[in-house]
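In this document, chain identifiers A, B and C correspond to the written order of the chains, with residue numbering beginning at 1 in each.
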Amino acid sequence: MSPMNLIEVENLTMRFGGLTALDALNMSVRQGEILGLLGPNGSGKTTFFNVLTGLYRASSGSIRLDGADVIGKTPQEIYRSGVARTFQRSRLSLSLTVFDNIVIGDYQHMQHGLLFNLLRRKAFRAEYEQYVEKVRDLLKIFSPPLVSRLFEPVETFTMIDRRRIEVCRALMSQPRLLLLDEPSAGMTHDETDELMQDILQVRDRMNKLSVVLIEHEMNVIERVTERCVVLNYGRKIAEGSYAEITADANVQTAYLGEAV
Amino acid sequence: MSEIGQYIFNGLMLGMIYAMVAVGFTLFFGVLDVIKFSHGDTLMVGAFAGLTASIAMTAAGITSPLLQLLGVVLFAVGLTGALGAVIAKFLILPLHKAPPLNTLLATLMLGTVIREAVRLFYPDGSNPKPFPALLPTSSLELGSLSLRVDNLILLAGGLAAIAGVHFLITRTKLGMAIRAVAQDGETARLMGINFEAVVLFTFALGSGLAALAGVMNGLYYNEVNFNVGLLLGVIGFAAAILGGLGNMYGAIIGGFLFATLQVLGSALLPALIPDIPSAYKDVFAFAAVIIFMAWKPTGLIAEKSSERV
Amino acid sequence: MRQTNKSPRGSLALIAAAVVLTLYVWMFLHAESQAAVGVLIAAAAIAVAVSRKLGATRTMEAAVAERPGLARALSLLGALALIAAFHDSHFVLLMLCAVLLFSTACLGLTVQFGYSGVANFAGAAFFGIGSYAAAVMAAHTQIPHPLVILFSGLIAAIIGSVLITPVLRTRGHYAALVTIAFGILFKTFIEVNDVLGGPQGLQVPGMKIFGVALNDGIAIPGVEMSFYVAYALLSLAVFALVYALVSALERSWIGLSMDVVRTDETAASTFGLHIARWKVIAFTTGNFFAGIAGSLYGMVSGFVAPNNFTFADSLLMLSIVILGGLGNIAGLIPAALIVLVLPEKLQFIQEYRFLLFAALVIIILLFRPQGLLPRKTRIFFRGETSK
């Protein structure tokens, strides 16, 4: 196992009854890189995220995070190993506030004791205000207008802002690995650019944050990623820089179909 | 010998009734992903409707047991089926988009409304009422076994009803529509199936089945009580869970399993603890539900559910 | 971050509202004839409609949000004023105890159902367990009564843990079924055997604190006081304490975690939340509160019988929680007044109260599921309403 690899995926297979979503997938994620994960719809990208974060249990194969196999671990354990994600279909608690939704991203560092929360209110307030600062700092980068609307319910915000809120939530826990599942869906080019710049800005502050980005927007992939992996039918069909994979015949066939 | 035979018959009858209620629960869950907690009380309404029909017919001078039986069954099933459809249209469907706990609560409250309405507005509703004996009371001799004809008829009737529903669901076009809606309501709609009509029909069907069970319950025990719905509802629901929510065969098996448990309990408990009051059989039944749920919360066969992550 | 420019207008508005509400409740509790009650209800309906049109409700909500301390102090004063006003009426004081103690149990149900999404249809059973525990401990042991109340809550919580496994399942109907079964089982079990008094129930000794028996009453020369005054004060204290705890819980990481678990378990688990742990904490804590409320209530009413803790009573408690506004503990007392006191005042609905309140809940769920006082977004500490 190369010391440069944060994630090593070996023969990963995920079957749902008769459907094989991941088919002996082999790939890796290098320490500190921004990896683009591409492929047509249904190629297994989100399934891979779900297996990696412990929501599905792989049928066979392994995913090693720093050498330790993640298969069989609970989502909670995997989160504590430093993995955070966003969801393809935005998963926020709509009736809760922006602050509520973002701050929960750092759940592992919060104090949950009954005594602390109920009886030591001064100490709790101190911790709370620290978190308000942290959340405000993140929002100042991703969506400054939201800073003054920190305690409004998320359901009153646009889809774009909600996606930004989800990214903030994922960044709160200072993860080592950030999994972004089509974060720019529904955004214009400009908004997407902005989002990526903001993510890069935050990444600069976090030592060695690795990112895996599922995207359909090719400009983004081209500009932001250092390396790409292309999936089709649950298998890796190409790997390399953006230029390399777009020139790859297999990739072209997967997306566009056979040449007539 | 006949004592064991009696126990077995009790078990079969009970199982039949539980199965019919459980099938209703499972049908509603399958079609709309909803638990209609008032289903047990629907059964009670069916029983009371039947009783009313019988009283009305007697008052009108129709005393032939066969005619009364026919009238009772038709009226009970018809009225309760209609009631089921009305509940579906005005309570269940509007709450379809709301959080599932809302429907759960609403149907629980509905059960209370039905129960209290009968208790308060039916003449002398809070006391058990005798149900007319409309089945022949002769016995059939099979070797050393003496089987009562009325019990046999009830058993056969229940089996026929369940078989009928099964046939409807699996062999008819309507049944296919029901199964389509159960699998994927959206797509079914796209395929041209009238979603609302299918839902209303399914609820009518389940409620009608419960009404039949209610009439059978009345005929077997010779009485009806406004309270009977709660116990039957809880057990019927537990039986549906036991067999896996959404699985019709499972619901039937679950119903009979619970009946077996209850009959065994009422047979064995007095042997273990002499002089135990008969009310303990209810305690036993509920304790069985709790223990079972603690052991296998999702049933012996897992409930069908999928959520897009 | 902290607002320091609080206008005195807000405070005055709150004081005025407190006075009006206290007067209104006084009139309500005082009303003898059903006609009077009818007039009061109509007046309330009109007042609510008018104030909504004038936007007064929003001003009031803002005022309460800015000065929670003052709002609470005023509520407490109002309650004390009512107790003082009815110091010689056994009946009204007993009703006040019921409202306060059932609301305490409903605080527990709110933590379970409103915050964590855990369905508990055996609220009355846990309340009853508390009463029975008090009956047994107070009559047969030397345990000081304040401890009896505490232990009763613990007993209720421990017995409730039997139901934990199915309660932890994702889909609410498993918890619902198991708690319904438990509630009925509890009542039937008690009724069927005579160990705990059977259908007749048990007597519960009156409360003794530091050797002083509350049943003897407080003697103030010249003033005739019902012995229930002490119980009412005690009930108020218990309610206020549990209210403060639950309010702090909601405005803490605990409340936040519970809400996230309730709204999206999948996302919650990917951010490390222990789903099972929070549900267990909610379920246990809620039952604990129900138990202590029940045990004090047993001492107040002097007896406990299985007929008071039926499934219908559990549903009644849930109606209070839903009517008041699911998840909003400020709505519990008004809802409890409606569900518990109104049937006493309008005798003709007494018979029909289960039917009526069940129907009311259905209507609320269909047309205004957020209840009378909808739950607000979480404001951890005042002065956070960022303007």
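FYI, a residue touches a chain if its C-beta (ideal position, glycine included) is under 8 Å from a C-beta of that chain, and two chains touch if they have at least 3 such contacts.
Predicted, not measured: the structure shown is a model, and the values here were computed from it.
Here C is the chain whose Cα centre lies closest to the centre of all protein Cα atoms.
Centroid distances from chain B, each centroid being the mean of CA atoms, peak for A.
Centre-to-centre, using mean CA coordinates, chain A is 49 Å away from chain B. Look at where the CA atoms of chain A average out and do the same for chain C: the two points lie 43 Å apart. One inter-chain figure worth recording: chain B and chain C are separated by 36 Å, centre to centre, where each centre is the mean of the chain's CA atoms.
Across the assembly, chain B contributes 309 as residues in contact with two or more other chains.
Touching two or more other chains at once are residues 266 of chain C. Along chain A, residues 55, 87 each make contact with two or more other chains. Partner chain B is touched in their complex by these residues of chain C: 113, 117, 119, 121, 162-166, 168-169, 171-174, 176-178, 180-182, 184-185, 188-189, 191-193, 266, 311-312, 315, 318-319, 322, 351-352, 354-355, 358-359, 361-362, 365-366, 369. Contacts from chain C toward chain A in the complex involve residues 1, 245, 248-249, 252-254, 256-257, 259-260, 263-264, 266-274, 281, 377-381, 384-387. Of all the residues in chain A, the ones that touch chain C in their complex are 53-55, 74-76, 78-80, 84-85, 87, 91-97, 100, 103-105, 107-108, 110-112, 114, 117-118, 121, 124-125, 128-129, 132, 148-153, 169, 173. Interface residues of chain B facing chain C in the complex, by the touch rule stated above, are 35, 37, 91, 94-95, 98, 100-102, 104-106, 108-110, 112-113, 116-117, 120, 230-231, 234, 237-238, 241, 277, 279-280, 282-283, 286-287, 289-290, 293-295, 297-298, 303, 305, 307, 309.
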